[in-house]
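Structures follow.
The following pair of complexes shares a single chain, subunit A, combined with subunit B in the former and subunit C in the latter.
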Partner chain A sequence: MRKYWIVFSVALSERLVYRADFFLATFLRFIPIVTTILLWRAIYDGGGRTQVGGLAYSEMVGYYLFVMITRAFGSMPRLATDISTDIRDGGLRKYLLQPINYLGYCITLRAAHKIVYFVMAAAPYALVFWLCRGYLPGWPSGTMLVLTIVSLIFAFMLGFAINSLIGLMGFWFLEVASFVHVFMTAQYFLSGHMFPLSLLPESVAHVVMWLPFAYETYYPTMILAQQLDAAAAVRVIAVQALWVLVLLAAGQWAWMRGLRRYAAFGG
Partner chain B sequence: MRARYGRIILRFWKNSLIREMSFRGHFIVNVTSEILWMGLLLVFIRVIFSKTSNVRGWNEEQYLFLMGTHMLVTSLFGAFFYNNCWRLAELVRSGDLDFVLLRPASAQILLSFERVDYSSLARIPIGGTLCVYALVSLEQTVTASQIGLFFVLVLSGVVIMYSLLFMFAVSSVWLIRQTSIDHLWFYAVSLARYPAEIYRQFAGGFLYFALVFVVPLLLVANLPANVMVRAFDPYLAAYFVVSCLVLLGVSSLAFRFALRWYRSASS
Partner chain C sequence: MARAGGAQAASFAAGSRRYSYDLPRSVPWPGMGAIHVHNLKKTYRVHRKPQGLSASVRSLFRRQYKMVRAVDGISFDIEPGEMVGFLGPNGAGKTTTLKVLSGLIYPTEGHVRVLDFVPQERKNAYRRQFALLMGQKNQLWWDLPAAESFRLHKEIYTIDDERFERVQDDLTEMLSVKDLLNQPVRELSLGERMKMELIAALLHSPSVLFLDEPTIGLDVVAQASIRRCLRDYNRDHGVTVLLTSHYMQDIEALCDRVMVINHGRLVHDGPLQTIIERFAAHKILTLRFQEGAWPDRIEDVGDVIEFNPPAVTLRVPRESVTRHAAELLSAYALSDVSIEDPPIDDVISAMYGDSAMMTPDQEASGA
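Let's turn to the complex of A and B:
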C-alpha cells in the first residue's frame, strides 16, 4: 500500500508544482497592466483631459484589463503553424483516413484547451481583477451578461476562423510559420489589443473597425467593459456571426481546393 | 593563454554568421516584423501625443529618442547574450554543460559568446534612425562627450542586462522549471521602454526604487536617453556604471558557486 501512496503523493505534488508555475506565469502576464495604469495616468494628466477616445481614465485601464479576457477567448497560439506543419510534412494523412472533418477536429480540440485554461486561470484572473476593482464597472445586468458571453464565444470562433485560414495557406506556401509572426504583430494593432481603436484618427478607424480583427477583440471588449448598450451589442454580435460564417466558409473552400493539391509527403 | 579569447570569440561569431545565412528566409522575416513593429510603436506614440503634449515631462521627440535608445540596448543584448543565457539553462537541464566545463578556457566566456543572433542586430539601424530623427527634430546640438557618455551608458545597460539574466540562468542549477522566470524577464525589460518618471508614484515609490537600485533594469534606456535629450544626473550615471561592474563580478561569482551544485545528468 505504501508504494501506491508514494506514487500518489508524488503525482499530486508534481501537479501542484506545475500549478504553482502556471499560476505565477498567468499572474505575471498582468505586469504590463502596471505600465498601462501609470502611462495612461501620465497621458490624462499631461493633456489635462477627463476623456480620451471617449473613455474616462478608469474606463481606459478597465479596457486593458478586459482585453486580457477577450484575448483569452480569441487567441489561438500555434494553431496556424500546427495546421501548416501538418500540411507540409504529411501529418494530415492520418486525419484524412479517419471519418472526421479536420477543421472540426481542430476547433473541438481548441475548445477543450480553452475550457481547461479558464478553469486553471480563474484564480489568478480573479485576484488581479479584485486588486484592480477600483478601475472596473459593477456587475452587468442579466441581459448584458448573456450578450457578453455570446460575443466572447463568437470571439473564440473568429479567432479560430482567422488563424485556421492562415494555416491552410500552407497548401500553397511553404513558409507559413514565418508569415504568422508578421501577422501576429499586425493583429496586435488591428484588433485593438495595443490600444482602443476609438483612439485612431477617424479616416483610419473607419476601415479598421470593419475588419474581422476588431470583432475578435475590440468590440467584445467594449461589450465586456459595458461601453455598449444592449442594442449596440446585438449589432456587434450580428456582424461577428457574419464574419464567422464568411471566414469559416472561406476556410472550408480553401480546404477543398487545397486537398486537390495535397501531395501527402513523407512515409 | 589570455590572448586566445579574442580568436575564440571571433570564431564563434563567424560560425553564428554561417548558421544565420543558411536560414536567410528567417532573417528576412525577422527584419520585416521588426520594421512593422517599429511602425506600430510610432503610431502608438503619435496617438499618445495627439492627446497630450508631454508624458511626465517627455515631449514627443524626446519620447521617440527614448524608444530608439531602448531598441539599441535590447538589440545589442538580444544579438549577443539573450540566447546564450537561455542556452545555459538548457545545458544544465540536459547535462551537456559537461562538454563546456571540460574545455581549457573560462566556461563563462565560452557560454556567453557562443551564439550571435544577427537578425536582432536589424533593430540597430532602426533604433539609430529613430534617435537621429528625434535629435534633428529637436534641433539639438550634442557634444562629443555627450555622445561618448551615451555609448558608455548603452554598453553598461547591455552588460547589466547580461549579468542579471546570466544569474537567472545560473539559478537553473537549483530550479529546473523556469517558465515564470522567462515571463518575468520579458515583462521587466518591457517596463524599461517607458519614461522612468511614470513609475515614481506607484506603490509609494517602491517599484521605482527596486527597479533602479535593486535590479537596475529601468534605467537601461532612460539614462542614456536623458544624457542626450534631457537633464543629466552625473551621480546616477556613475552609480549605473559602477553597478554594471559589480553585477558582472557577482554574476561570475554566482556561476562558480553554482557549479559546485551542478551534478550533470545521468546518461
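Let's turn to the complex of A and C:
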C-alpha cells in the first residue's frame, strides 16, 4: 500500500505545479449556475407553481449548488481519454514493466488530484455557499453527515469505475474520443447533472433511477440536500457499493482481455 | 500488492489455454540461463484501411485485416552476465522481441523464459528483476525533478532506504548528474535526461536489462558516458544485457556477442568479428606506389574507392585479395601495402540490404 501512498504524494506535488489555474477556474465554474437559477425562477413564476418534480424553488436552487459538490467528487475529467491514449500511444508500457497495478495507480492519482482540488476550491466554494445560504437547508445531523461523506466517496469510486471502463475500450478501438463525447452527454443527462431525475416521466425514471449514473450524481446530491432520510441514504449507499463492485470487476475483466490484444505500439 | 499479483497470475492461468507458452513446464529448458527463447513467433493483426470513400464505408462493417509476422521463429539463449548486441534494420523484429521478453506483449508461438519466469505473467517478482529502457520514450515525470521520480521508483520497487541512497549516489556519480537531481526533467538536455532514465532503470538493481537504442540522438560525449556506465555496471554487477543500437560503436564497445535479425529471423549469432568473416565479400586493399611505378590498369584489380596518387584504395573480392597483392608487390615498387576488413557498418548495411545473403545456416542461427 505504501507505494500507492507515495504515488499519491508525488501526484500532489505535481498538481501543485499548476496551482495558479485553480482559483480562477473554480470561480468560473459557478457562472453557469447563475443562469440556471434565473431560468428556474422563470419556470416557477411563469407556471405559478410552488413545486417542480417534488422540489420547491429554493430546494431546486439548492440541488444545483449541491450538484457542484457531488460532481467535484464524481467527475473524472479526461480519465477515459487518458487511459485510451496510454493504450494507443504506448504510455501503458511503463506501468506494465513496473511492479504496480495500472488501475490502482490511476485511482490513486485521481484521489490526489481531488484532494488538491478540494483544498484549493474550499474558499471559493465557501463563499458561494455563504452567499446562497438562503436557498440551503441547515447543517445536517452527525449521522447524516457521515452518510453524506460515505456516499460522496462512493460517487468518486463510481465515477472512476465508469470512466476507466470507457477508457479501457481503447484496447479494442483506435479512437474513443467521439465515443467519450457521446457518453459524456448521456451521462450529463442520465446522472442528474442537468436536472433532478425526479422531473423525468415515471416510466423513464423507473429505468434511469437504477442505472449507475444516477448513483454517481443524483442520489448523493439528494442525500447532501437532505431530501432523503437515513434509511433511504443507507439504501443508496448499498446500491452504490454494488455498482462500484460490478463496474470495477468489469474493468478488471476488460483489462485482462485487452492486454492480450495489446501490441504496445509506439512504445 | 502481493494479493493483486496473485489474482493476476490466477486469471492468467485460467484464460491462457490458447497460448502455447503455457505448455507444461517439462518443455526443454536448459539449466539456469538468464534468457531462453525458443522458436518465438509474433504476428500482429493490422487493420487494412482501404482507400476511397465507399471502400471505407464498407470497411466499417467488414474489416479487413492483414497478418504481419514481426518475429518469425527465433531461438537463442543468453547466459547470466552476458552483454549481447541485437542488430537489425528498422522493422526487423528487435523491439518486438524485447517487448515479448519484458512481458508487454504475448508471443503468438514459442517459449520465452527470463530468469525462469514467463514474462507475460508479469509477476511482481519478475518485474522487480528487469528493466526495459527505450531511448525514444521517457518514464520520468516530465514536470518533476528526477529525484521525485526516483523516490517513486524506490517505493514501487520497495527498495530499502540505505540501498536506495547508495545506488542513487553511485549512479549519479558515475554519470555526473548529481547536481541535476532537483531540476525538473523538462529543463534537462536530451543527454542529461537519458542519463536520468538510465538511472531510473538501474535503481532497483535489475539482473536483466533490455536496452532499446539507449544512445539514440545523443552527442558523442553523452554516448560515450552512457556506454562507459553500462560497461562498468555490467562488470561490477554481472547484469545480463540485451542491447539494440544503430550505433556500431555501442556494439563494438560493449558486446562480445551479436545477434543479427532481419525479416523476423535470426541470421547471425556470434562474435562481432565473425560477421565480417561471414558476410564481408570484400577486403580493402590500400597501395602506395613509389615514384614512377604507377600501373596502367589498376581498376582491373578491384573497384577504386579512393584515388589520390601515388596512393590508391580498392575494394577487392576476399578470395583474390592476397593473390592480387602478391602480384602487385612483385611487379611494382610499392612503399606501403595494407589489407583491411571493411568497416563493420558497411558490412552490416550490406547485410540488411541484401536479403538473398540472409539465408541463415542452422549453425549460425543457434537453432
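Simple rule for what comes next: the second predicted complex is superposed on the first by the 245 of 267 C-alpha atoms of A that agree within 3 Å, B and C clash if a C-alpha of one lies under 4 Å from a C-alpha of the other, contacts with A are read in each partner's own complex, and residues count from 1 in each chain.
Note that in this section contacts are C-beta pairs under 8 Å (C-beta built on N, C-alpha and C of every residue); 3 or more make two chains touch, one makes a residue touch a chain.
In this text the structure is predicted, and so the values were computed from the model without any measurement.
Asker: Let me test your reading of the model: by the given contact rule, A:V7 touches which partner, first (subunit B), second (subunit C), both or neither?
Answerer: second
Asker: Taking the superposition as given, does A:S178 touch the first partner, subunit B, the second, subunit C, both, or neither?
Answerer: Touch partner of A:S178: subunit B, not subunit C.
Asker: With both complexes overlaid on chain A, does A:A122 touch subunit B (first), subunit C (second), both or neither?
Answerer: Touch partners of A:A122: none, neither subunit B nor subunit C.
Asker: Which partner does A:L145 contact after superposing on A: first (subunit B), second (subunit C), both, neither?
Answerer: In the superposition, A:L145 contacts neither subunit B nor subunit C.
Asker: See if subunit A has more residues touched by subunit B or by subunit C, and give me that chain.
Answerer: Counting residues of subunit A touched by each partner, the higher count goes to B.
Asker: Quick one: is A:A112 in contact with subunit B, with subunit C, with both, or with neither? Answer first, second, both or neither.
Answerer: Touch partners of A:A112: none, neither subunit B nor subunit C.
Asker: A:R93 in the overlay: touching subunit B, subunit C, both, or neither? Say first, second, both or neither.
Answerer: Only subunit C; A:R93 stays clear of subunit B.
Asker: Tell me which partner A:A56 touches in the superposition: subunit B (first), subunit C (second), both or neither.
Answerer: neither
Asker: Can you list the residues of subunit A that touch subunit B in one structure and subunit C in the other?
Answerer: After superposing on chain A, subunit A residues 17 contact both subunit B and subunit C.
Asker: Would you tell me which residues of subunit A are touching subunit C in their complex?
Answerer: 1-3, 5-7, 10, 13-14, 17, 90, 93-94, 96-101, 104, 174, 256, 259-260, 262-264, 267
Asker: Within their complex, state which residues of subunit C touch subunit A.
Answerer: So the residues of subunit C in touch with subunit A come to 1, 4-5, 8, 11-12, 15, 44, 47, 99, 102-106, 122, 124, 127-128, 130-132, 134, 137, 139, 141, 143-144, 148-149, 151-158.
Asker: Which of the residues in subunit A end up touching subunit B in this complex?
Answerer: 17-18, 21, 24-25, 28-29, 31-32, 34-35, 37-39, 41-47, 49, 52-53, 175, 178-179, 181-182, 185-186, 188-189, 194-195, 199-201
Asker: Which residues, counting only subunit B, touch subunit A once they are in their complex?
Answerer: 25-26, 29-30, 32-33, 36-37, 40, 43-44, 47-48, 50-56, 177, 179-180, 183-184, 187-188, 190-191, 194-195, 197-199, 201-202, 207
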